[in-house]
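Each structure below is given as structure tokens.
After this come two complexes, each holding chain A, first together with chain B and then together with chain C.
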Partner chain A sequence: MLVWVNAIINGVLIGLAYAIAALGLNLIWGVMKVINLSHGAFIALGMFAAYLSVKLLGLSVYTALVPIFVGGLAVGVVAFFVSLYRVLNEKELTTLLSTYALSLIIIGLGTFFFTTNPRAIDTHLGSFTLGYSSISYARIIVGLISLLLAVALYLFLFKTSLGKAIRAVSQNPTASKLYGINTTLVLSISFGIGVAFAAVSGALIASLFPFTILSGSVYELKSFVICVLGGLGSPAGAILGGLILGLLENILTLKIPVDYMPFIEFTILVIILLIKPSGLWGRR
Partner chain B sequence: MKKLIVFLMVVVFAMLTTKAFAKDKILIGFTTSLTGKLNAESKAQLQGLQMWANNVNKNGGIYVKSLGKKLPVALKYYDDESNKERVQQLYVRLINDDKVDFLISPYSSDLTATAAIIAQQYGKIMISTGAAADDIFAKGFSVVYQMYTPASRYLTGALDMLKKYDPKAKKVAIIYEQSEFAKAVCDAAKSYAQKNGFNVVMFEAYTPNTTDFSAFLNKMSSLKPDALIGGGHFADGETLAKQVYEQKIPLKLISLIVAPAVPKFTEIGEAALYVTAPSQWEPEVTYSQDSAKKLRLPYYGQSVKWFTDTYRNTYHQEPGYHAAGGFASALVIQKAIEETGTLDSNKVKQALDRMNIMTFYGQIKFAQGKYHGLQIGHEMVYLQWLKSDNKLVKEIVWPLSAANAKLVFPYSTKFKK
Partner chain C sequence: MQKGYTLYWLLPALIVLIVYPILTNNVMLRETIFLILLSITLSISLNIIMGYTGYVSFGHIVYYGIGAYASFYLIYAYKLSLIFSILIGGVFASLVAFILGQAVLSLRGAIFAIATIGINEAIKSLINNIPFLGGAMGLYFDFSIYDKYGGAIKAIWLSYYLMGILTIVCVISAYYIKKSKFGLGLFSIREDQDASSVLGIKTKSYKSMAYAISAFFPAIAGGIFAFKSGNIEPSGAFNLVKSIEMIVMVMLGGYGSVAGSALGALIYEKIKGILLVLPYIKDLHLAVSGLILLIIVQFAPGGIVGFLTKYFKNLRKVLE
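Now for the complex of A and B:
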């Protein structure tokens, strides 16, 4: 019985971290209908930003989240103007290619500077025992911070004027422009927030698992699955999708071999696309 | 005048033939990966071989009774660029052009498999080192001999160790990387476990880039195994050991291939403590005249201390099992030549076939019959990370004949502090 409790707790905690990664992807899609293929690269950058903050600056990985978020926001705004702004109204394939190019550049530079050797951040926080195994405090902290970030994003989008502007632009860019909203600014900030979420989720994941500069792609793929599950463009859907994925990974595997998981995840993905393409929580 | 010419011709011919037939050195040929991906391991293996040759020559060479004198040894080697095609060309060249007396294998199972075919084709004796694959020796080769303990016995010692320290321990979990080597090791460990009355409660593979083992470990927890064995390569094995520690899973024994044998393993700190791993050889092994006597085997060659000290002094680094394997592979040829007193391939082969000796590298005995040449004497040693003066040190804990420290058992002792 305790094993199940353990699996559920682990599933929820890791699911929340997945959700934060997916939220970044989701927000960018929701606001500007761009599938950001550089998402994984920004997650990896977040991992290395956390690693360098801990190793070079001696910061705790959790304190480092603040500068990583701010840095991610700034990098995201710059990246928007460099790679997206001029092609935003082109066909979807163009924005796909431009974000993919950005990803190649980041990964290429990252490989040059950091090599593909695995790194790890040691949090040394210990764990508490539950039944035959334990849950580490590091996981609990990651889960709580993720929850906090999700709530903060919700409050920002629904309670602040900038958040409302973002939602307005996402629903009707032309009407927003007519109402005097600086849509370019709003779009760039949205992209910045998306990148900042990717970077922070990378830092959070790096506090739990070892990583290389190529690790981002694993979580990028998970983010896609989560977005499709929960509904592209729906922040609440991303949380729901993350939780479902985390729980599936931890509970189902108690009874079936772990390496069946990708098969099951992608089967669910195909089924959702076939019967409810807008996702479980998505709007049409 | 005619007579003089004939006489001179006879003299010249006699000089030429004696020169051609008089052996002035024993030539040992091999390729080594001076470049390419196998460069690091190959270099250590080459250093072991060079150290052997220097030492033999310092003592005047190997005594060959049929010639009534000592012959120096010479190593003839080429760079195979870690490439199979090069191995094929170069071994033919070593045999046909350089006319080497004996062959040593390149490094790695892949390259050795290629070299073995050439050696067999030309009937030239080859000692294989740096190659653990079993299947090379299932092909009926009659002149190829293996120095490494084969992959199929990499983890069986861990099960013997568990049985010895806790005869009641029955449940074993095997979690391994989806790679050819790890799968071969773990398939063999699984069938050995079942044959020996263990219950393999979990047998699962993970993809090579896995970083989150919680699903595996959670499932393992629910099955309450006594021991965890498996692993794959460095990064994944290190993470697995770390997450077992974080989850405080009360295991009695944990034994992983590759990762814990690498000194960098200590970077995970406390998580490395009491983890065990198989290794072909470690500088801490205690093979000696005494341990040979206990097994009623003759001891041959230098001591472990001599090897370790000389290697350190020569190359200014710690010897690992690649270097030891290189040295030992040539030592085996030396023993067979000395025993038979000849360089004749057939006689040397017979000596190798009946060889059963103890050396600084451990016991050496080759299988006969279907798996001719497979190493059946040499045992993996098991190292365990222990604490001494608050620093992590690796010590040999198994087999008991080679151990220099007592296994800390169970692994979970560390959670009770």
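Now for the complex of A and C:
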């Protein structure tokens, strides 16, 4: 019984971290109808930014989140102008390829500088015991920070004028332009926020699991699954999807070998895309 | 439909390329050209679904993997002959594509792309867990399998010949598909699916057929490659990076064009070959292909062929 409780707690905590990654992807899709295939690359960059700030600067992972968020925002805005600005009104194929090209460049440079050796960040936080199993404090902190970030994003989107502008652009770019919203600015900032969320989620995940420069793609694919579960473009859906995926991973692996997990995840992805592309929560 | 002149130079060029290492008996060159032929086959096949029909299959390598596994297993477990096995592998992969296509081709644009990535990853991790297919370790040939073909050296030459034949068949089929009424239907689906459906094109069966055909050639290529290397494993057979390289080749050459896909594959392999040899830079070849793709997408979405035909209108009939 306690095993199950443990799995559920762990599932919720890690699910929240996944949800943060998915939120970034979801925001970008929601605002500009672009599936950001460089998402995984930015997650990996976040991981290495966290690693470097711990190793070289001696920061704790959690303080490093602030500069990583700001850096991610800046990099995201630049990335928007490099890869998307010119092709935003083209077909989806073009934006997919464009963001993928960006990802290739980042991963290629990352492989060059960091090699594909696995790294890990040790948080030295220990764990507390619950019956026979233990839950690490690092996971609890990650869960809490993720929750905080999700709430912050909600407040930003619904309570600030920039957030409202982002939502306006996502609903109708032409009309918001007519109302005097600088759509280019809004689009670039929402891409920046999406990238910043990817980077921060990378840093959070890096504080829990070992990683390489190529790990980003694993979490990118997980983000796709989450977004599809919760409905593309729906922030609340991303949280729900993240929780479902986290719980599935932790509960199912009690009964079946962990190697089957990717198969189950992607089968869910394809099936949901086929029968209910708007996600579990979305309307048709 | 009006016939162009593309095949008149493309086929001789290919035949010269294929025959050259045979005449000079140059093994190094044979390996290079084998890889180029493989890339040409892959990019031309992908072009049928991506360039003609407008469906970007991001995980297209899945059919290469399925074909490779199917034919490898037939040879490995039942000692069937090579040619028979690769044909079965090709038909099997086409069938899988046709069935999956019934479902996933109803998705459009980016959602389709993600679903194809999902299919590739799902099948990769499924095979990772199937014991009789060797799981994550994969399968290895016993060397005695090559005895039937007169030893390993002759078997490798045989796989080279087969690859050459496959490439030529693939080029001819892709060209005639493009020139047929079927191909015209595919192009109209690319431009506007709803409008072409209104005009009486059976979009669903057209798309499924195009998808099945574009799965057939990569599957056979996979079978030949697996036979040649003598082993197979999931991470090599379902390598998403290779899938992306196929897309880069098609985009580089000019999507929708047979000659373009072939040129794109040739040039991409050349660039990659140069980069891989240079010290320090060899780890950067991913970044370089990313840069190429980014530049093409941003500034020359028609690729090399699109760029040339824009300025030299006479080339249109030659570069189809």
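The rule is simple: the second predicted complex is superposed on the first by the 282 of 284 C-alpha atoms of A that agree within 3 Å, B and C clash if a C-alpha of one lies under 4 Å from a C-alpha of the other, contacts with A are read in each partner's own complex, and residues count from 1 in each chain.
The rule we apply is simple: a residue touches a chain if its C-beta (ideal position, glycine included) is under 8 Å from a C-beta of that chain, and two chains touch if they have at least 3 such contacts.
For clarity, every value in this text was computed on a predicted model and none was experimentally measured.
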**Study point:** Fit-or-clash call for chain B and chain C when the two complexes are aligned on chain A
**Key:** fit
Point to revise | First, second, both or neither for A:80, with chain B first and chain C second | key: neither
Practice item. Would you check which partner chain A:122 touches, where first means chain B only, second means chain C only, and both and neither mean what they say? Key: first
Practice item. Classify the contacts of A:191 with the two partner chains as first (chain B alone), second (chain C alone), both, or neither. Key: neither
Exercise for review: Look at A:134 in the shared chain and tell me whether it touches chain B only, chain C only, both, or neither; answer first, second, both or neither.
Suggested key: first
Review point. Any idea whether chain B or chain C touches more of chain A?
Key: C
Exercise for review: Please indicate which partner A:210 is in contact with in the superposed arrangement: first for chain B, second for chain C, both, or neither.
Suggested key: first
Check your understanding: Touch check for A:257: first (chain B), second (chain C), both, or neither?
Key -> both
Check your understanding: Between chain B (first) and chain C (second), which does A:96 come into contact with in this model arrangement: first, second, both, or neither?
Key -> second
Practice item. Based on the superposed arrangement, let me know which partner A:51 touches: chain B (first), chain C (second), both, or neither? Key: neither
Check your understanding: Tell me, in angstrom, the smallest C-alpha to C-alpha distance between chain B and chain C in the overlaid model?
Key -> 5
Revision key, fill the gap. Overlap of the chain B and chain C interfaces on chain A comprises residues 257, 259, 261
Point to revise | chain B contact footprint on chain A (complex, rising order) | key: 3, 6-7, 10, 14, 118, 120, 122, 124, 127, 129, 131-136, 138, 208-211, 215, 218, 249-250, 253-254, 257-259, 261
Study note, to complete from the structure: Within their complex, chain A touches chain C through residues 34-35, 82-83, 86-87, 90-98, 100-109, 111-112, 217, 221, 224-225, 228, 232, 257, 259-263, 266-267, 269-270, 273-274, 277
**Study point:** Touching residues on chain C, where the partner in the complex is chain A
**Key:** 54, 56, 58, 103-104, 106-107, 109-111, 113-115, 117-119, 121-122, 124-126, 128-129, 136, 240, 244, 247, 251, 283-294, 297-298, 301
Revision key, fill the gap. Residue positions on chain B within touch of chain A in the complex are 178, 204-207, 209, 211-212, 214-219, 221-222, 224, 235, 238-239, 242, 246-250, 267-269
